[in-house]
Amino acid sequence: MSDHDLRERGLAIRRRLWPDREGGISVFRALDPEYAEFILANAYGRVYGDETLDLRTRSLLTCATLTALGRERGLENHLRGALNVGLTPAELIAMFKQVALYAGYPVVNDAFRILKALLDERRAQEKK
Amino acid sequence: MSDHDLRERGLAIRRRLWPDREGGISVFRALDPEYAEFILANAYGRVYGDETLDLRTRSLLTCATLTALGRERGLENHLRGALNVGLTPAELIAMFKQVALYAGYPVVNDAFRILKALLDERRAQEKK
Amino acid sequence: MSDHDLRERGLAIRRRLWPDREGGISVFRALDPEYAEFILANAYGRVYGDETLDLRTRSLLTCATLTALGRERGLENHLRGALNVGLTPAELIAMFKQVALYAGYPVVNDAFRILKALLDERRAQEKK
Amino acid sequence: MSDHDLRERGLAIRRRLWPDREGGISVFRALDPEYAEFILANAYGRVYGDETLDLRTRSLLTCATLTALGRERGLENHLRGALNVGLTPAELIAMFKQVALYAGYPVVNDAFRILKALLDERRAQEKK
Amino acid sequence: MSDHDLRERGLAIRRRLWPDREGGISVFRALDPEYAEFILANAYGRVYGDETLDLRTRSLLTCATLTALGRERGLENHLRGALNVGLTPAELIAMFKQVALYAGYPVVNDAFRILKALLDERRAQEKK
Amino acid sequence: MSDHDLRERGLAIRRRLWPDREGGISVFRALDPEYAEFILANAYGRVYGDETLDLRTRSLLTCATLTALGRERGLENHLRGALNVGLTPAELIAMFKQVALYAGYPVVNDAFRILKALLDERRAQEKK
């Protein structure tokens, strides 16, 4: 697949994960456009675009990995994506409790707080 | 659910993951039976037994988390389990390549080596 | 020991660590009461409640582990608990300097900052 | 070399890295002067002062290590130092992209954000 | 305290932890004697020598930190030291189960295996 | 630059790092040729091939990052590469002592052992 096609596939996947915003890639574009393009074509076009695993499964795997590693900023972004591609809060909570076995409670406590803030934010927007 | 039922459910799940061996819990039993029982009832009975996520998904999540954290002994054990509950080598490899984005290549290189050794072992046993 | 007794023992231990506040468990209760109950009965009732190690030693061990792993939110909470069960600032600082040998200075620098903010907060409250 | 000389050498190196501020050591001095003195004499005087590697190389190595470990507060401080001893944004970005191979993208995404904020701050100051 | 006195104090502490062997410092001496001397005077003389925390507490803290970080070679060495300064297997196991809460089960499973091998080795030696 | 050119540039860089062996990429080729090709073109061709940082600096940065993260298998491979592109044992040891400040002594102790084994191996080969 050509670089152009990988990029287009990456963009399409990012639009499913974050239909309403750019998902935070603009800060990289300002400093190093090549990095932003590489993430788009490689992480999203090539890796996520491989259909051996579907997008819901990939989204859940990403959230589990970011929780285990304690990467909060990336986790918040990908929990938004997870809710957007249809993972339920109950599925995310079940995943958190499984990750706690392997990575301990503190990273999972932090993940619970991030998910709760996102759900509160969604509820507030729906009320408007 | 009673502790006894959680323990039975945990045992049943472990038999699906590792039908041919105890999956390494005996070393804990020798030192601290309470620890072995707790892992059985809590990790397997309570967490894995919650059907919000099915066993194949949980197995894939566990392998991703252990890969990301670089825990090789646990990863070998759970990759065996993953193959036993029907995950394909292609799915595991697709997962490795996704984890590499978040945790870097070295842990994934190590995971590739462990998976290759397991597949070689299986192929050698089938030839007999 | 029954689940009910473990829970009561867990609550009693948490009240010694954080007599003046709930220690942050309410956010979990809102999302997943089973998780909050499990931490209470398991982490506090079962693990902390085992008297092989006394509470001061356990509190010091927890602060050392959270410092080494760089888990700041949990560390702040458990440093409050450590001061409440009678560990002195000098003991906590001696522990930080030991953890630095194994986990490096950056996590310990962050721990120093958190402890300093807690001590400043205490001093400000005492002046009132 | 005597402790006094190591301390002086450490101070001189810190003044090259952070000519306009103390680089954050004062918080340690308030809690534990011995810790502050030890970092000065050992980390800066003894380790950085060893001329087997020059200061630019050491600064780049420190930023790479802090990026890989995800230590954001220390990274911000040392990225300031890196710019002060003459590393260019292009060199720091090239280093980030290399660290991403070994430690994954999330820690590097966070490092990009910190560098961008520092460069924006510098540009704002120059305009005055 | 002079460097010479710190070194002597460090040696005395190492002899309590590892009366029957050098505790693995000789490999460093071969490559870089300054590193070996620094660890002796700084880690053991200065940090461990500070009597704010006693040696049993320090030994337990070190084992907890090395378990949490998954540093197996250092952990084996320091578990030997812990048994030598009088920590009981029951206390070490109680500590492992507490660390599991914060760092997850895989690192603690590995720690159990290392402790079991040490205890088996001791038992075999006593039989002779 | 085309994918083919990136691949060729990657191969040329790997031959400088490991003139006498393939540097361990063959295990990936057996399981997933696309992964092996991607590492060649991306990690070596694109990232290492960017001349903003020279190969000696990149090799030192990689060894520092792998030391800090405790990735022993990758570190052994890259320490071989470092010696092949002309980094001296003294420079590598100076780097280890700097990384110890940020990542603690245990990972650096392990790195010392790996370097010592490599130097002993080289010396044995030269004697033949």
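Per-chain residue numbering starts at 1, and chain names A, B, C, D, E and F are given in the order in which the chains are listed.
One rule holds in what follows: contacts are C-beta pairs under 8 Å (C-beta built on N, C-alpha and C of every residue); 3 or more make two chains touch, one makes a residue touch a chain.
Being a predicted model, the structure only gives us computed values, none of them experimental.
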Duplicate of the B-E contact set - from B-F, A-E or C-E, the pair where over half of the pairs recur: B-F
Field: Rotation angle (°) superposing Cα atoms of chain B on chain F, nearest 5
entry: 120
- request: Determine the centre-to-centre distance between chain D and chain E, using the mean Cα coordinates as centres, and give it in whole Å.
  value: 31
Statement: Residue ranges of chain E touching at least 2 other chains are 43, 66, 69-71, 74, 93, 97, 101-106
Touch list for chain D against partner chain A, complex: 70, 89, 93, 97, 104-107, 109-110, 112-113, 115-116, 119
- request: Please name which positions on chain E make contact with chain A in the complex.
  value: 100-106
Message: Touching residues of chain A toward chain D in the complex: what are they?
response: 24, 27-28, 30-32, 35, 39, 43, 66, 69-71, 73-74
Message: Could you list, by residue number, the parts of chain B that touch chain A in their complex?
response: 43, 47-48, 50, 52-53, 57-58, 60-62, 64-66, 68-69, 71, 74, 90-91, 93-95, 97-99, 101-103
